């Protein structure tokens, strides 16, 4: 039972959607790092709702208040604690969730596990809102990684039937990552934006939702990063990524595509290029034997459609133990994928920084 | 840098392919558990090579010697240590790997990370042979889980172009899992065995290899198992699964299929069945909010083709920093998927037991 | 580099003496526990300064604000986050500490470790003020332990030359522990209070400080609590206790007195008493082989005199690298022992709760 | 329930006194370290019994067999596994321990905790014999620390009424530590050896045992080593030290002596010496705010008398629940202190190496 992750950098996330505040403590940060709080705010704005029809109409203030660990904009080496006060909540919308669990949401197992004691308002600790502190921590981690030459970026690779181009796994570079992460709508091929938006809008109009996938890359990692067997880049990143609500799949490089490949197609050969070892392809997504190969680390995550839809669904009443049709009220994202992009980047940054320490 | 995994059950794996011995220490096992060593041997035989053309011609003895933690076939509560002596190694086959890294293998990043000090013979600590202790630990964990009504089973879902049927995610039961795990060739639909074998044989004849995927299920888990955010079933299982050599993707339930789905298609509704809450479908693979939903936990892993192929490959000489064509000698599995089935089950069992403690 | 402790109950402490706030996150608490916030306030008041001449004249508000993890006074099972806003600070008093380290304080090694980036105002993250969140966490843990029949209490066993009576290690009971922990000045023998106060007052008048020791007991633990070798009651408690500023020694039962004893004197025999196994003595302080023996767990901690004294001391200027006489200004406790009593109890409660989970 | 310790260097100890083997796995060692196995053997011989009347007449072979992690005498970076086969055991001696627990030994709580499943022969996993792998791991760690200029040494500071001189806390140096650790009987003042031996012999003749204490020092640590709050040198060392059987107290520097001191006596002033910051005294035992101050790290541990004495003792029969007089048979050390010296050094070395990584 733990909302804490990391070895040397320990991220402890707290809060409930409609409680007093959400936030995090980041333990183990190096001292003396100058933080650019405008950049942190920019990252948090990428995740914030209310700017766009693809997202919920709720407006969250999402203003992070630093409680400790920073003095004169520099890290002090003490734990960096941050809180975001909760405002603008409409608890009444969630009144019936205690007894009638929303399909595909945490409601039912949480009800059994917590015997009805968990805060169900807005999803409580399971709310997607808890990803805001992760974006904050990620924004901090990114700035420290940037000083080491490591840059992370992600884009929406798919929403429903609409697919973006893929990163070129072997040549993706800092400039391309910067470009896509500064877009309002994070796709490589801008032509696909309209199609994706249409896909989300179609779902929204029907009171439905739609899933998608995100592709993420990290460039600049030193060769050999990552530990033995269970402390590898893949083990550590996947554990962190599956901590993000809605993530249901993680694959590195060719991932599930490997199942159809021959070794002669899949293997990434080497050559000497400019006096250095270089890879001829990057089907392995930059990770060999759990360690970085020097090629960009590239992986994809699958995100399921938002479970909260306003279409009537079959559920049960846990009090009466009778079948019941559920109509979920409240304001919900018809598609979480666009807002999840900085979250995926953020948890990736925190994890890679931990491995780098 | 860690070959240790787990919180309450800590599995520490040691050994190098051509060293004195490989083995493991399992710390935190409950005491008084009667172990069936014939069953453990049966599990280890499922992974052992040399029985089948799909696998390497090497014969490994793979006889586990228990060093501590068991008295009169019962666990004592002290750490259970086990070793397997290494025999039948042909170190000469690997003489040139130090300077010319095998594509898609750990060789190159390991060379950089360990500055040439790692034992490269047979892959050293990165060898697939290190999965034998995991199967042992998994066989122990399975017996403890069985007493709690939890059963785990896996099958080869794909090799190259040949696909097995899928588990019915919502109805898969202990009897079906037992059946498939007792087959010589672990597929649900026996008709597909010939096709898969042909796929492997075709690769073997060309000196090539082929990838695949494995589907695994666990039934009998209590509702609500799994912790908050980063200590969930999905985070814990994926971290463990990516510790297995060749695993490049992990997805739960519909996994990457969710990207194309609407919420109304994806959501798993509830109904009252025989006075209990039951799910109408199991696209979430038995995990909601990171916790078990009561439906079977079902996930797939992607395995890349064995990197070691005898077809000439482009590589480099790390001493001379010149391009070099590599022809990998030695005996290698043209496809690791069949032998990986009990490994996937084993690490799943160890991880679920840890969560259950 | 970690202000996080615990396995199943993870306590993450944050804050700096003169920063925005101090606080903690307690991850892994069981859900549904009714918390008595008046009792928590009473515990925090025991540690709070400003009531007594033995302590600093500073007044800290020390009002804990719960941010998450509690709903309607019950734990929700989500991380319990708490903050205490910092007020009433006089930063000017600490202006010269950056360059001239206070003897016996963390200043010098912190200066080297953090390269001058750490917040030195009031001791920053090293301040004794950071024990307030520990008392809060301890007060929560005590209430959960109480439901399991476990009660913890401590008293001032020594200040300078003045010594209190000792707990009877074998018969100390809940009522006696409750009695001493509800006293304004926590001694068993009230007659010693005046002597101890005189000792502190004598130091205070001279601008000096004085050390002491605290004896702590926990009753009601089940026999066999505590793990193997490195996860024992003694290992876990000592690690936690040495995390408290000023603690320089920890001993269980006879502790250093064992060095002079024969086995025949030291051994704690057994007898059957009222049909149950009972100990004839408790020199081992309730811990055998790292596990609870059923007798009360009894241990002592040594606390050094407050390093901050106003008597001129020999120090150095880290900028000029010249010798310099230091006169510490500011308001400081001439003796931290009385205020440390609830802190020792608190960290003990958190640690035992973690072992009990 | 864990015989595993460490963060970056994870030491996993396994084995039972009369089982197949005892040993350890050391995970996370740096690669490429040349190990001097003669020196390792010398360290293990310091702990081995049978050489001396102060110790048991048993002879243990104690020959460590390296199973993995070393190639051509250099560490490979993979886990270093080691086993010592058990020989020369006389299990019959322990036949009655299951039902009649030895006072002050782990027998009774272990019986309750393990429900009679633990291996009681020779103490099983609680046996002092399990310190042999710790000495091995310590010998490895010492060699790595030595390359970093860090040297550890300990001596018998007290046995019963006989006391050795103390280390000069502020001036103790590598040469003095080397000298005392190469003595057959590790005391600073050789004149005290006869008195200590007489003390042990007197106990032995009566079938009794005697306690003592050990003082240990580490020189050469960088200033600022050790983490925040709960990851400090004191927390980490004490947790490790209390994992050693018989240890009942740990104090740093003046330790419990601080209770009687004034701040003006206790504080360690600074001066500039040869252009560097130096301490005028070292009452803090080289640790300030949990971090190394640059002065030697000096601490003492108290060891209780061996619980196994042949003098009749009051115990109970756990089967019949009646009082019973126990006469412990078997060969036991009348005093474990001399043999514990390299164990204390060893676990100190492992812990400091972990902090240094």
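A, B, C and D are the chain letters, set down in written order, and residue numbers restart from 1 in every chain.
Here is the rule we go by: contacts are C-beta pairs under 8 Å (C-beta built on N, C-alpha and C of every residue); 3 or more make two chains touch, one makes a residue touch a chain.
All values reported here derive from a predicted model rather than from experimental measurement.
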Comparison of A-B and B-C (more C-beta pairs in contact): A-B
Most widely separated chain from chain D, with each centre as the mean of CA atoms: A
Between chain C and chain B, distance of the C-alpha-averaged centres to the nearest whole Å: 46
Approximate Å spacing (C-alpha centroids) for the pair chain A, chain B: 27
Chain C residues counted as touching two or more neighbouring chains: 1-4, 13, 27, 77-79, 113-114, 125, 228
Touching residues on chain C, where the partner in the complex is chain D: 1-5, 13, 101, 103-110, 112-114, 125-126, 130, 158-161, 203, 206, 208-213, 223-224, 226-232, 234-236, 238-243, 245, 247-272, 275, 277, 280, 283-285, 288-294, 300, 302-309, 311, 313-316, 318, 321-323
Residues of chain B that touch chain D when the two form their complex: 1-4, 8, 10, 12-16, 19-23, 25, 27-28, 31-32, 65-69, 71, 74-81, 83, 113-115, 117-119, 124-125
Complex contact set, residues of chain D against chain A: 7, 27, 77-79, 228
